[in-house]
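First chain A sits with chain B, and in the next complex the same chain sits with chain C.
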Partner chain A sequence: MDLVSASQSYFKRIFQEVSDLKILLLEEDTTKIVSSCITQSNLLEQQIYLTVLLGNKREKLRHLKCVAFLRPTPTTLRLLCEELRDPKYAEYHLYFTNVIPKSFLERLAESDDFEAVKSIQEFFLDYLVVNNDLASFNIPHIIEDSPDNWQDGAFHRTHQGIISLLLSLKKKPVIRYDNNSLLCLKLAEEVSYTIQHESQLFNFRKPDTAPILLLLDRKNDPITPLLTQWTYQAMVHELFGIDNGRVSFSNSTSDNEKSTEIVLNPTLDPFYKETRFDNFGDLGVKIKDYVSHLQTKSTKKASEIESIADMKQFLEAYPEYRRLSGNVSKHVSLVSEISQVVQRENLLEVGEVEQSLVCNEPQSTDFNDIQRLLFSNISENTKLRLAALYSLRFERIDPAKVSALQQMLIAGGVNPLKVSVIPTLLHVAGYSFRQGDVFPPSNLFSRARSGLKGLRGVENVYIQHNPFLKSILLDLIQGRLKETTHPFLNSETRAQTSNEKPQDIIVVIVGGATYEEAHFVSEFNATQPGVRIILAGTTILNSTAYIDDIMYMSTRIK
Partner chain B sequence: MAYRDRTGLYITFRQSYSHHGQRLELSGWDPKEERQSLVHKDNKDNTVIEMDMLAPRWVTVEGEIDSLLLNTRRNINLLDKQYAKHVLPSFSDKTEQENEIQRLTIQITQDFQRCQKLLQVTKAQTNSATGSEALMAKNFLSNLASRIQTESAQFRKKQSTYLKKLRGLNANISPVESKLDETVSDVAISQSTIQQVALMEEQGEDEQAIRHERAVAKIAEGIIELAQMFQDLQVLVIEQGALVDRIDFNIEQTQVHAKSAEKELIKAESHQKNTGRLRFICFLILLIVALIVILAIKLLR
Partner chain C sequence: MQNGKRRIGVRISSNLSNHSGTNLSTSAQSDSSNIVKATECPICGLELPNLSALNDHLDVTHFNDNEKIHKRQDSINSWLTRTLNGASALQMKAAQRLWRMEPYEQNGDSSGAVGLEATKLTDSLVVKNHWQPEVPDMVCHDPMCDKLLNFINGHIHCRKCGYIFCNFHSMYQIKLSIHATYDSENGFWCRVCRECYEGRPGYNDSNGLIRSRFQTFETFRKPLADKRRIEFLRLSKRMKKLEELWTSENVSMLDALLLNKAKRLEQSIVHWQDDSVVQICPECNNSFTLTRRRRHCRLCGRVICRFCVLEISLPQHPQPLLICMSCNQNYFRNVLYQTERSKSLGYIRHIEHLQVFRQAMVNYYRLYEDSLSELLSGEIITEATLKIVKDRRKKFLELCVKYDGTMKKIANHPSSNDAEEQFKQNVVNEAKRYLQETILRLQAIPYHLQVGQAWTSESERELEKKKEQVEKKQEELMQTRIVLEEQVFLVENMIEDAKAKRKFSEVETLLSSLAPLHEEIHSITEKIHDLDLFDI
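After this line comes the complex of A and B, so read on.
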């Protein structure tokens, strides 16, 4: 159950099977997939000196063998048929990321006049590898015209993603889903149908306890994607956005205002791998150590280095050294940029208010805090987030204030169009549309507990919040997850498995997962012996992406 | 990682289509063929050699470098054994061993330098390449450079450990110490070694000792040369984990290049069109002038 090793073994196999000089033929979607798994230097090591896109104009290079890594879509089929009628390369080895329909094969065979195709295989890698336990299907919007209705393309893509995820991990799961979500039900039925239909493919050795595919709907936890994040990976995504491992941010400290683009890949960058779940405070300490590590290396070994000019010269002279220093300076500039934004957006205060809003008992002072922040000098997005969180929290307690808040947003200079996000959010993910409670239940016991917490002193006020997913997973691991909220798709499987404690769990969040949830999944994997969890989302959300998605919904829902 | 091979099914489908007659026709027996000469007598009927069927010439360099690297690896192993023997304390004469070590060291260093030379030659050859061939050549060189770099770095590491042992320095380097320290120190150590030999010669020390130190200095020189080479190769090598190491980034880059090339082409085209038009206008003006002159002459008469 490791996505990085699964994906890399696929590529290892491809490279073993085709020898000699090769050209790699991709399309836009698979370019993203390939880039999330391997690097350019990996390709060069395998004598792949050219990488081209199927849709582009290309020269004939018939001394090369072609390795094609493609998704089985109608567009690909059309382009590939054209290609085969006039082959540009010596031979074709086709690898598809998913199950190929028979009709697809037939049409391809029909066009293959020159018998250029030497092999066709299905390598199930139809998702982006983000962490070794986090995958993304890279679909920003999934809803058609009501919150319960899939957009066709998105549905198909998600379904394919899940099938390939299961096959690449060699799992034939029992399916559980959010009972209140029609999106999840439809997806569960389709996945289950494919598993039965392709029984030959899903013919794996039966494990002692059946793996579980848990389909969740984002609407049951609209809180997590709206919160300010305080761990490294999540923070970078929240503030700048991680696009398939690439981050671009404008470097305000450097002279030119041009934005810098960097790569964050936990498999290639040991420092990032180690610190991605650290909170901002610990991160600062680690960064400092990292820099001083570089410093001691330079001073200890080459004592003649004294000035910065010496240092620069030294770095130029020793390329291996430059690699480390490049990485150090990458993280230093990223972290310094983060702290700039934290200050500019007053995120420390915002974060505190947010956390008390979602973790503590509702208090009347919350409104004043929010009000103060709405008229302070912070960005539109932050204001919207705060208002959205307040609205979700006080939706039933104080509806008057919730609507007053929307007026205040407009008065505070937020685009009225964007303010419409809040009613839509309440319509999609409001109290009556959710199951379970993302907020701590308000009863005497919890009040006593929060009182106790106050006495003991909270360890870190900024990271009190636990995503709803955590409690679901805890229940599931202990075999306590209720069937009323998360039923099995097939009732016969229930009898065998209902009381078992599952070992392998694949969680798919329809509507997008977050890095905060990924953090907790990683923590589970590290601390719970015998339990292995993989998290996947239709996309990886940050607050901007989530608000965008809600905006998109508000234009579509009738 | 499950996978499924569909080649068999695909070939069955392919065979069921009749279009494969085309291929049969080509290979079918043709009575005319008997009387055809091997070389066309008719000069007009030039045989076409399709260039895209042939790999570019520089691809063969890879084989050469492969065999050189293989050779060095074998030599490095031999050298390892000699080193192990040499550092063992014994009273017997070590001159022969030292000579062997020296010979191997020089051989390896030369091989590495030959590799580098080959690369440079290839680089010069491919400078004129265009389009995808240029890109391919660049990637090709970068791969070879990084391979040579890794091999030579390993060799240097071994050499500097040996050198440290010889010079009685602290040879127990902890394994956690990264390659980085090695590079920094191996050059420094080599430099100081060479200086020391020079110093000894000046002071006119015992000939035996000088001879020994000179042998050591030879190794040190080799290290410095290789360090220099490492630097030169760095220009070609892709930094791992950097943006240039991303596959999508590279594809984007080539697309940008292609687009800008296209733009240039359009510009050039319109430019050419314009010059044609301009020429035509000039021609017309000249014609008019000429006609006026003719008219004037006629009127004057």
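After this line comes the complex of A and C, so read on.
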């Protein structure tokens, strides 16, 4: 249950099968997939000296072999048929990321006039590998015209993504889903149908305990994507956005407007892998250590070069040193940029207010805090975030203030169009549309507990919040996840598995996962012996993407 | 050591050996208890079974007696800390329960028993004779764990491998058959260790599923391809005839120019379709008009319109050949594709050479490194070994030069289009990067390496030390010589003095003492001289 090694195994196979000089033929979607798992220099080592796109105009290189890594879509089929009628390369080795329908093969066969195709295989890698336990299907919007209605393309893509995820991990799961979500139900039915229909593919060794595919709907936890994040990976995504391992940010310290683009890949960058779940404070310390580590290396080098032997040694270590220093400067500039934004946006205060809003009992002072921040000098997006969180929290407690808040947002200089996000959010993910409670329940017992918590002191004010997913997963592992909220799709599977402890769990969040949830999932994987969890989302959200998605919904929902 | 201890309990399959094993251990125990039977506490006289028990007894009963007075003041303090510790321990336990320690609460069996209950039930079914025999003071079998197995840490047999583990390292469950082998279908839930849990077949299978669809594809393609191949053969036969037509002797160039004659000749190869049968061009689906004239494909004889016909000019042909699209696809483009793809271009061969060189470079590099490290390991260097190292280095450098040359050849090879150019560029860049990296890492042969000498940094240092010692000694000797010479000077002065005072008896004794001084000085100068020689 490791997405990185699964994807690596696929590419290793490709390189083994076509070992000599070759060209890699991709399309837009698969380019993202490939770049999420493999680097350019890695490709060069495997004698792939040219990477081309199927849709582009290309010149003939008929003496070279071609390895094509494509998604089985109608567009691809059309382009590929055209390609085969006038082949540009000597041989075609076709690798598709998903199940190929028979008709697809038939059309290809008809077009292959010169018998240029040498192999066709299905490699089930139809998702982006983000961490070794986090995958993304990269679909920004999933809703058609009501919060319960899938957009056709998105539905198909998500379905394909889940199928390929299951096949690449070799799992034939039982399906559980959010009971209040029609999106999840439809998806669950489709996935289940495919599993039965493609029984030849889903023919794995029977495990002790059937793996569980848990389909969740984002609407049951609208809080997590709206919060300010304080762990490295999540923070970078929240502030700048990580797009398939790439982060671009404009460097505000050196006045030029050019934005810097850097690559963050946990498999290639050990420092990043180590620190991606550290909070901002610890990260600062780690970065400092990292810099001083480099400094000791560099000063030693400069002062000690006296003889030719030293020189030699220096040169031997130099590429390593340069790599290290490149990496250090990358992280230093990223972290300094983060702290700039934190200052500018007053995120420390914002974060504190958010956390107390979400984790503590509702208090009347919350409104004053929000009000003060709304008229302070922070960005539109942050204001929206705060207002949205307040609205979700006080939706039932104090509806008058929630609507007053929207007026205040406009007064505070937020685009009225964007303010409409809040009613839409309440319409999509408001209290009556959620199940379970994202907020700590307010009864006497919990009040006593929160009082205790106050006495004991919270470890870190900024990361008190635990995503809703955590309680769901804990319940699931301990067999306490209720069937009223998360039913099994087929009732006969329930009897077998309800009294067994789950071993392998695949969670898919429809509407997008967050890095905060990914953080908790990998914590689970590290601390729960015998339980392995993979998280996937239709996309990886940050607050900007989530608000965008809600905006998109507000324009579509009638 | 620890490893050895753990191996005591290697899986013993037969009952007999199991028996003898336990017997041995019990007899050993009784022996030891015999020896220490008479231990009793020196303070209160209580009889105790063995020394360690006595130790415990002393600690517990008599330790506080001496310090009771001291402790009284702090008692409130210590009570507070104790309770606090207890509270935090409790909390920790609660957290453990919540987080880790409840792995068995589910996994029930058909009878409805769950958790540990269920494992207890199945224990009577699954064989136990492979279990590691219990000995006192055992340590958990997990290589990363050194917990003593006792009541608190637990001592649990892994039902599958039979080794004994602590509670924490045995909280996994898999299904085992009654023969204690893994059986996911009909097995019973049993408590096992981590290794057995993760060692289940398929559990750590990280290879994704792959399905080849080539066979299905081939069933679709084969009939089509066969048809195409037949068509190709037919067309190529006609093509050959067409070519022969114009080269054969009985057809003159003039005939070719006479349209009627040419037409007749070409019609002899393939039957031309009747004009009247076809009203619509089969390629573009337009009906024929005065401007959209009918044309015949010279290879298949079909009627097509003049916009769809392709004119192909061939060598030795007086006029371009008219061909329809499908014949073009089936014959000409096929021929072109097959020739182009089997053509081996110059630079491709160079790239292949590059790969060969690279392979050889990797090999030689490794050989060179090996022999060099052998050389520097302190063995006496012989002519032969030194030569091998030098040869290998030379070979490697020669290869580098060849590699570099090939690289330049590739870069300078003319390319027919941009894609090819880019391809070559990437090849060259990669090769350059590789070359730079390996050459940078190439270790030099130490230049003062000589035959018949063992090259180690240590021997060099020893030599230096010796030299230093010699110099020190020399200096010492010089010092003593100076002192002696001074004495001689003094004695000589005294002799002069005595001579002046006419005390000849004194002169005599002084002279006699002068002689050994001179001797001493002589010996020291000789020694110094010797050391000088040694230095040279």
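Assume the second predicted complex is superposed on the first by the 541 of 558 C-alpha atoms of A that agree within 3 Å, B and C clash if a C-alpha of one lies under 4 Å from a C-alpha of the other, contacts with A are read in each partner's own complex, and residues count from 1 in each chain.
Throughout what follows, a contact is a pair of C-beta atoms (placed from the backbone, for glycine too) under 8 Å apart; a residue touches a chain by one contact, two chains touch by 3 or more.
Since the model is a prediction, treat every value here as computed from it, not as a measurement.
Asks: Based on the shared chain A superposition, would you classify chain B and chain C as clashing or fitting together?
Replies: On the superposed model, which is not a single observed complex, chain B and chain C clash.
Asks: Could you look at A:Leu324 and tell me whether it touches chain B, chain C, both or neither (first, second, both, neither)?
Replies: In the superposition, A:Leu324 contacts chain B only.
Asks: Let me test your reading of the model: by the given contact rule, A:Asn244 touches which partner, first (chain B), second (chain C), both or neither?
Replies: First partner only.
Asks: Touch check for A:Asp269: first (chain B), second (chain C), both, or neither?
Replies: first
Asks: Given the touch rule stated above, what does A:Lys206 touch, chain B (first), chain C (second), both, or neither?
Replies: In the superposition, A:Lys206 touches chain C alone.
Asks: For A:Asp2, select first, second, both or neither according to whether it touches chain B, chain C, the two together, or no partner.
Replies: In the superposition, A:Asp2 touches chain C alone.
Asks: Where does A:Arg372 make contact in the superposed view: on chain B (first), on chain C (second), on both, or on neither?
Replies: A:Arg372 sits against neither chain B nor chain C.
Asks: Examine A:Gln478 and indicate which partner it touches, taking first as chain B and second as chain C; both and neither are also allowed.
Replies: Once the two structures are laid over each other on A, A:Gln478 reaches chain C alone.
Asks: Look at A:His293 in the shared chain and tell me whether it touches chain B only, chain C only, both, or neither; answer first, second, both or neither.
Replies: neither
Asks: I'd like to know which partner A:Lys60 touches here: chain B for first, chain C for second, both or neither.
Replies: both
Asks: Given 26-34, 260-268 or 368-376, which one is the stretch of chain C whose C-alpha atoms run into chain B?
Replies: It is 368-376; the other listed stretches have no clashes.
Asks: Please write out, lowest number first, the residues of chain A touched by both chain B and chain C across the two complexes.
Replies: Common to the two interfaces on chain A: residues 6, 9-10, 13, 21, 44-45, 47, 49-50, 52, 58-64, 100, 102, 105-106, 108-110, 112-115, 117, 119-124, 167-170, 201, 204, 318-319.
Asks: Quick one: which bits of chain A touch chain C in the complex? Just the residue numbers, please.
Replies: 2, 5-7, 9-10, 13, 21, 23, 44-45, 47, 49-50, 52, 58-64, 85-87, 90-91, 96, 100, 102, 105-106, 108-110, 112-117, 119-125, 167-170, 201, 204-209, 312, 315-316, 318-319, 474, 478-479, 499-501, 527-530
Asks: Given the complex with chain A, which residues does chain C contribute to the contact?
Replies: It is residues 98-100, 102-108, 114, 171-175, 184-185, 187, 189, 194, 197, 200-202, 205-214, 216-217, 220-221, 224-225, 228, 329-330, 333-334, 337-338, 340-341, 343-345, 348, 351-352, 355, 417-420, 422-423, 426-427, 430, 437, 440-441, 443-444 of chain C that touch chain A.
Asks: Any idea which chain B residues touch chain A in the complex?
Replies: Checking each residue of chain B against chain A gives 1-7, 9-10, 13-14, 16-17, 19-20, 22-23, 50, 52-56, 59, 131-132, 135-137, 139-140, 142-143, 146, 153, 179-181, 183-185, 188, 230-231, 234, 237-251, 255, 258.
Asks: Show which residues of chain A lie in contact with chain B when the two form their complex.
Replies: By the definition above, chain A touches chain B via 6, 9-10, 13, 21, 26, 31-32, 34-35, 38-41, 43-45, 47, 49-53, 56-64, 99-100, 102, 105-106, 108-110, 112-115, 117-124, 167-170, 201, 204, 244-246, 261-263, 265, 268-269, 297, 301-302, 317-324, 326-327.
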